[in-house]
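Paired with chain B in one complex and with chain C in the other, chain A is shared by the two complexes that follow.
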Partner chain A sequence: MRQTWAILKFTLKENISNKVFKGFIAFTILILLGIVVFKSLALYSQNDVVIGIGQLAIEFFLLLIAIFASSTQYFKDKKEKSIYLILTKPVSKTQYIWGKTLGIIALIGIDIIIMGGILTVILLLGKANLTATYYLAYLYMFYKLAIIIAIGVLFSVISDSMITSNIFTILVYILAYGVYELPLLAKQVGGGALNWLFMTLYYILPNYYSLTIRDALLPQISLHVLSTTLYSVGYCVIIMVIASMIFQRKEL
Partner chain B sequence: MRVGVKNAIAIGIAAIMIAFSCGNVNKQAESMRSLEAVNVSNGDTLETALARFLGIKVAACDILWVKQTLDIGGMSQGVVTPASVIYANSRQMSFLNPYFVGNYYFSGTILGMVDVYKEFDMASQIFQTGIEYLPTDPYLKNYFGGVIAYSQGNDAQALSSFETVALKYHDPTLINIIGFLYENKYKQTGNSAYLNQAIYYWKENALSSNSYYSEKAIEKLKQYTNYQG
Partner chain C sequence: MSKTILKVNGLSKVYVNKDVFSKKEKQFQALKGISFEVNEGEIFSIIGLNGAGKTSLIKSILGLIKPTKGSVEIFGKVGVLKEDFNFIGYLPEISYYPREVTLKNLMYYYADLYQIREKKKRVEEVIEKVGLSQKLNVKLEKFSKGMLQRVGIAQAIINAPKLLILDEPMSGLDPLGRKLMKDLILELHALGTTVILTTHILSDIESFGGRIAIINGGVLKKTFSFVQEENSHYEIKCEKLGTSETVIVEEGALSVKLGELSALGLKILAVEHVRKNLETIFLETISHLNVDKSTLK
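Here is the complex of A and B:
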């Protein structure tokens, strides 16, 4: 546990001091401030425009950071040979994977708090009436990104290159949102391998549609926060266990 | 591959957590999906379909809304956006988010009332879609009724419908139209009571945060009164 915690802290510090990461954060904050311009351009529902575009901007840029950090971390450590240094210490491969993944998840959590905080301050200064759904959208965004980080780490362990790892992670993100369309697609293609593939994806992909409450058309939707939390944690754990099992067998 | 006892326990607990929560997670998704069963003619384009597929409906609708405001706002610079473009923007917004009421108020009123457009059929379709998805909205029917009355030359009925809305809902576009209708009545009858009513509404718009309508109102006030600002 102590070793996992140490790797988590190290990953967090390492990523925060990364220039690309700092650049992304600065750019996102600029975009958030730029969105205020939209407010003066939109009639009637000015604050809704800031909420809609602002939350999407936060999720988009953090998604880029999450995918980039998760699917390149292992390759980076290997290239810089720091992975050998870590694993020669009393740190198991499982602890390494869990520490790295949780470190990136913590990083994204901190980012959501900072950026969501900035957007919320902008909205409150504009006397916006913020609903519970608005605040929960950040929690759900965190769950979504945590799952994609776990998947990114899994792909980085499976893949031979950073590029394939990134592509697979992005693909999962896109498919996971359209998860309810997959049975329809399976029906369209009839029987055979494609049908089997679509149905398998339907059962194994995370349900991102349900987690995207920032895109809900009305705030009065039926929310199940506890179940969503259990679902997200459960999904992350399974992916991380699989990733660590594969990593155990991997020759460095 | 050896799974190991610890891993097996972790996977087992996680699987139970997912199985336990899956029903509610699906219910949550269903409550969101039920709102999306939209049937809006001319709104289903490649862009809107993609926006829905990628989970960016609301943000895409917001961006279209800013575009709509800019397209119509171009009139103040002498640039008249074709009615077909304003109509298409509105239909796409309805397809993305049929519960966004500002789209119906604004797009419908502009297409139905502004001199360069007067596209009553397009305006009617926009209002009808609005009423279909927001049947309990207190103002939509008055907007629609006003535009219909105006299209039939019944300015008194149009004014009555619009003033019902303006009393409770500050809409600079609508207030500008009410001022214009009263000014027209004054020009036709010479009755100064109508001009006073128009001045009342222009004064309201002169204080509006919307610079376009605020400037228009001040211009009118200077024309008819010794308005100093």
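Here is the complex of A and C:
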């Protein structure tokens, strides 16, 4: 446990001090400021435009960081041989995988707090009326990115190529938004292999539709938050257990 | 009699590369039935050309790759367990460190992985040992290659290991760095640390003494103790009836042989003390291997 914590802390520290990461953050902040400058172009609900585009920009740039960091971390460590320095210490492969993954998840969490904080300040200065759904959107964004980080790590230990790992992670992110359509699609194709394929994908892929905050959910919001929290944590844990099992058998 | 700390039994490693599209398998045998033992407190050097199998051997010992055949016993047990790494220090052939963190943060990280209690004290000790005390708060991006190699040594000895495994420790070091590294290895050895190192810079390990293993093409060709005196001889150039010849005499038999040659009426022209260095032994061993190969063909 202590070793996992040490790897988590160092992964976080290493990524925060990374110049590419700092560049990404600076660029996102510039985009957020840009949105404020151009919000006057919106015909109505100017604050809603800032919220929509602002949160989309934050999620998009953090998605890039999440995919890049998760699906390249193992390859980078192997290429640079720093993985040998860790796994020849009293650290198991499982501790390595969990430490690295949780470190990247923590990094994304901190980013959401920083960027979300900046956007919130901008909106409050513009006298926007911020509802519970606005704040919950950040929590759900965190869940979505945490799941994609776990999947990125899984692909990085399965695949022998960094590009393949990146492509598959991006593909899962895109499919996860349309996963709720899969049972309908399966019904339309009737029986057979395609039906089986769509239903298998429906159960395997993460469901981002349920991780999208909508005003209609407000009457039962506590239950929804609880269920999505359990779903996200459970999904990440299952993916990480699978990644650890595969990594155990992998030669370095 | 000293205890065996490492026992390698018939170790073989075959790398298999499968082409996804053609489904063809490419195999490469990196190690071919290597066996040897290393005793507690000794310096054991493994030498060989690039691609001889040195790194595969080290990785197999450390459990980073699974051998195809054979086994490794460390500290009297088969295989290396997570807990065993508390007593092992390892420096890989080349390793990169995160450039944007300070030496202190990096060393604290490694100390945390070993769960060292007084990590501040221990980090300062090892950093001083490798001569980087002034650089503790400097980011690694400002370090030279030689300094990074010293960082590598520092992380390898932070846990005061019983067994220190160094893969090409002299690589990238300037003469001063090599001297420091040699002195450090000898100091650790004097303190009782068992050192296993691989290298292809032979002159550096002559001074270590200890046992040396020569591997080539994944085969352990020879294991021997290198002592300079044992690897020297005399060459006597003499002349009789206008014909000159050279007589080779082993160390210690010079005066007897000189007497014999004089008694035979030979004129002694010159006596040369020839020292056989490690490079000569290595090249002789490698060339024997080539002869063996051609014989097999």
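Odds and ends about this structure:
We adopt the following convention: the second predicted complex is superposed on the first by the 242 of 252 C-alpha atoms of A that agree within 3 Å, B and C clash if a C-alpha of one lies under 4 Å from a C-alpha of the other, contacts with A are read in each partner's own complex, and residues count from 1 in each chain.
By our rule, a contact is a pair of C-beta atoms (placed from the backbone, for glycine too) under 8 Å apart; a residue touches a chain by one contact, two chains touch by 3 or more.
No experiment lies behind these values; they were computed from the predicted model shown.
Taken together through their common chain A, the two structures put chain B and chain C side by side without a clash. In the superposition on chain A, contact of A:Thr212 is made with chain B only, not with chain C.
Looking at the shared chain after the overlay, A:Ile238 reaches chain B, while chain C stays out of its contact range. Within the superposed three-chain model, A:Phe61 lies out of touch with both chain B and chain C [touch as defined at top]. Of the two partner chains placed by superposition, only chain C is touched by A:Leu87; chain B is not. Once the two complexes are laid over each other on the shared chain, residue contacts for A:Leu230 go to chain B alone; chain C is not touched. In the overlay built on the shared chain, the residue A:Tyr74 is in contact with neither chain B nor chain C.
Comparing chain B with chain C, the partner in contact with more residues of chain A is B. Shortest separation of chain B and chain C in the overlay equals 16 Å (C-alpha atoms, whole Å). No residue of chain A contacts both chain B in one complex and chain C in the other. Listing the residues of chain C that touch chain A in their complex gives 59, 62, 64-66, 82-83, 85-86, 88, 90, 92-98, 100-101, 105, 109-110, 112-115, 155, 159.
Contact residues of chain B toward chain A in the complex are 1, 3-4, 7, 10-11, 13-18, 20-29, 31-33, 35-36, 53-59, 61-63, 65-66, 69-70, 97-102, 105-106, 171-173, 210.
On chain A, the positions that touch chain B within their shared complex are 38, 41-45, 48-49, 52-53, 55-56, 174, 177-178, 180-181, 207-210, 212-218, 221-224, 226-228, 230-231, 233-235, 237-238, 241, 244-246, 249.
Those residues of chain A whose C-beta lies close enough to touch chain C in the complex are 2-3, 5-7, 9-10, 13-14, 17-19, 80-82, 84-92, 251-252.
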